[in-house]
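Quick one: structure below, then a few questions.
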Amino acid sequence: MSTLASKILVVAGIGAGGGTGAAVARLFAKSGYNVALIARNTDSLNKLSEDIQQSGGSAAPFPVRNYSGPEVSSAFAAIRRQWPGVPIRTAVWNAGHAVWDAFLNIKDEDVEKTAEGAFFGPISFSRESIKAFQQQDLDEQGSRGTLIFTGATAATRGNITTSVFASGKFASRALSQSLAKEFGKQNIHVVHAIIDGSIATDRNAGEEKTNPDKNLYPEAIAETYEFLSRQHRSAWTWELDLRPAHEKW
Amino acid sequence: MSTLASKILVVAGIGAGGGTGAAVARLFAKSGYNVALIARNTDSLNKLSEDIQQSGGSAAPFPVRNYSGPEVSSAFAAIRRQWPGVPIRTAVWNAGHAVWDAFLNIKDEDVEKTAEGAFFGPISFSRESIKAFQQQDLDEQGSRGTLIFTGATAATRGNITTSVFASGKFASRALSQSLAKEFGKQNIHVVHAIIDGSIATDRNAGEEKTNPDKNLYPEAIAETYEFLSRQHRSAWTWELDLRPAHEKW
Amino acid sequence: MSTLASKILVVAGIGAGGGTGAAVARLFAKSGYNVALIARNTDSLNKLSEDIQQSGGSAAPFPVRNYSGPEVSSAFAAIRRQWPGVPIRTAVWNAGHAVWDAFLNIKDEDVEKTAEGAFFGPISFSRESIKAFQQQDLDEQGSRGTLIFTGATAATRGNITTSVFASGKFASRALSQSLAKEFGKQNIHVVHAIIDGSIATDRNAGEEKTNPDKNLYPEAIAETYEFLSRQHRSAWTWELDLRPAHEKW
Amino acid sequence: MSTLASKILVVAGIGAGGGTGAAVARLFAKSGYNVALIARNTDSLNKLSEDIQQSGGSAAPFPVRNYSGPEVSSAFAAIRRQWPGVPIRTAVWNAGHAVWDAFLNIKDEDVEKTAEGAFFGPISFSRESIKAFQQQDLDEQGSRGTLIFTGATAATRGNITTSVFASGKFASRALSQSLAKEFGKQNIHVVHAIIDGSIATDRNAGEEKTNPDKNLYPEAIAETYEFLSRQHRSAWTWELDLRPAHEKW
């Protein structure tokens, strides 16, 4: 059944499988998408893909060694081979590298991983997503496709331990805004979601970490992503913030 | 049937009945709300209320002479009498006065109307909405109520003909952000929607003014407002923008 | 000597005489300006005017009952009579009303005073300043005049006790940005200064309140205002922030 | 004479010698700084250094092959050898790579140069500057040193041809804000200047490109940088914008 789904979600970055990327994958699978999972962690990738399939969804893993242009390009080619002729309607950039530390303590390795996750990677992923969207017809909402970036508070505000992390998050936000402006005219929808707060990635972590007044539920984030992918083209959102009800900000 | 609806929408500002306020009223009526319409224009108010009722919805008009504290307070008292014991779950501030002109040409009357629509009025409306929300239990999403402000690009950027208009829109935005922070802890959700572009208020206005790539459909704005009123409390949005796919920004 | 000064500073809002407005007045007097002091507090006004004169500066008090259009207009007419034919080169809006409180505790009187100080007053003051600037030749920097608004952090961010205060500060900021865009083309320079932190208004207040790492010195703010009034027209600043070195932000 | 100057300016990025970096170097040399010039273009570097020396200033060239950590670190070591024991009081990051093009046309080489100029380079330069500042005493204004970033409008707003360029400029802005917050407590002053408009880099370019109402004069930018380096620590600026009087924005 699931192989008959008429559209594809591509999500890059699924962490250990308990966060935003995985929740987005699960919800879109339920909503009738074939789900293409891109990540570096092959174990998480395979496990999530199998979980979705066992729930009756359509999913496949597309491991990459990194988010360089050639790797991302190969992954998209494999996705096209997996579901030939099926349009990619939503693409979610959810990968990245987070480092919180005093500026002078931050290692070159973290600087480079941040650049890959927030500068080079999003550019590669956006190129492939947009090129795919451009080949496709409009859907019933008047959209060729929706590209969503998972941002953070650090995308709008630097702080004492986020010198490098915020540099990366700001960079992705700028990319998303530029692409929204450049490709809106081609009916391509680009979104930047500012996730402000800690995410309840493990439901057994105790009240402190799973209280929905104080932690973001990945499923709730996914519901907003899913809504954004369905917005009518006459009223598209580029940016919104998401935070728990009691979050201090 | 409609009088059995278990929640109330209050919307202030419905213009001539073809814009955002009216579309929000119609959509929420379909979604099972009793719709309380507040506005100064009694004719539009009565006509919209009757239209909604004829479509099987529950609605009632609550005319005000202006948006001063006593007038708004009286309207909310009348709403409580109309639907006793029914919670107000969503309140939308959609009123305002728009003046685009060279600064030195703007008349005192326009300055005063702007202050009423963007400073005094939103404060009065927020007071009544929040006091109502505070009396209510949490709904299934963990919210006592959602207060939505209709903003504009002029809420984030002044420009050559918007000196006074932007002053007002900035003021409402600040109010909405402050209230979101102050009352989030009480599970009250406050939203600011930046409407960026011209709204297709008249469906017979010709392609130029009704092309959904270039004009916001009030129904599409309403769909986002309705989604925002249903967000789970673990992932609430304070602010988002809405614009047509081809809008230059 | 001082009556021969070839330019005028108008400053509105001097509080008790120990803050930004007074420091600006003193510094500009030393820099060769006739200083026109506008405020509601006649005692502070007269005292500051006399102080400046005793230091060899040129100053005069112009009391107003409020910042309505007619009152501000009368003050500017009196300034022209005081120093006939002398150009107003700098005008500083430093007045306002500050209320920090829970939203539902804020009294109507505070709402109204905020509107006067942040919405109506700045509009009146800007009208008079700009009309005066428009009559004047360019100075050696290519400017007809500089209009400076004293802003605050609350001009860019609402918070839990600043619902009304931030509404006002946002409003003034929008006005300043709009005017900067509209009148830049007429070589009129408009500036918005975000004062972020507490001001050392009383030099005998003890280390806690006078430590320059933790408190803004009014004289230091005044030095930046004076620099801004001298910027060459090819590189004008609309907005900057000012805060003590150790301020948390 | 010039070798007796008691403080050092380090400026990275001087282009062809007619823009901001060079003007900053010349003005600070006149104000009593030894000027350390860092750039990749050895010819421009040597020429500017000689020009400053011929005008009676103290300057020396420090060529780098790129802005990687080791190269920048070597340059700073050479600066210390050139003027042993003299404090670095101002450091200006003015380098970068600008690419304006449709997103899908931008070459990998431009993406990599942008990352070097706006992400890796500023991090390397900031590390060296801050480590130098930390070793120094406070100056008469209470500052250990001032680090200034030359930003652009693209640091605050992405646009249709600035997808990659804005990503870089946003990144540097985030870095500057984070560092301002982290190191303000150590009395290190970090500034981000948004240059909005075209710079009059060639004084013989004709009225269109040298009209001070429409183009930024590098000397005027330099005057603001010099003022910022002298601000008293009780009222420091993190960010300001600079644009010509008639600039549309």
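For reference, chains read A, B, C and D in written order, and residue numbers begin at 1 within each chain.
Keep in mind that, in the parts below, a contact is a pair of C-beta atoms (placed from the backbone, for glycine too) under 8 Å apart; a residue touches a chain by one contact, two chains touch by 3 or more.
Because the structure is a prediction, the values reported are computed rather than measured.
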Interface sides of subunit B and subunit C: same vs different residues, half threshold: same
Whole-Å separation of chain centres (CA-atom averages), subunit B against subunit C: 35
Separation of mean Cα positions, subunit D and subunit B [Å, integer]: 47
Centroid distance [mean C-alpha coordinates] between subunit B and subunit A, Å: 31
Residues of subunit C engaged with two or more neighbouring chains: 181
Category of the chain touch graph - line, ring, star, complete, other: ring
Chains touching one another, given as label pairs in label order: A-B, A-D, B-C, C-D
Of subunit A, residues touching subunit B in the complex: 142-143, 181, 184-185, 187, 189, 200, 212-213, 215-217, 219-221, 223-224, 227, 231-249
Contact footprint of subunit A on subunit D as seen in their complex: 69, 102-104, 108, 111, 115, 119-120, 123, 126-127, 130-131, 154, 157-164, 166-183
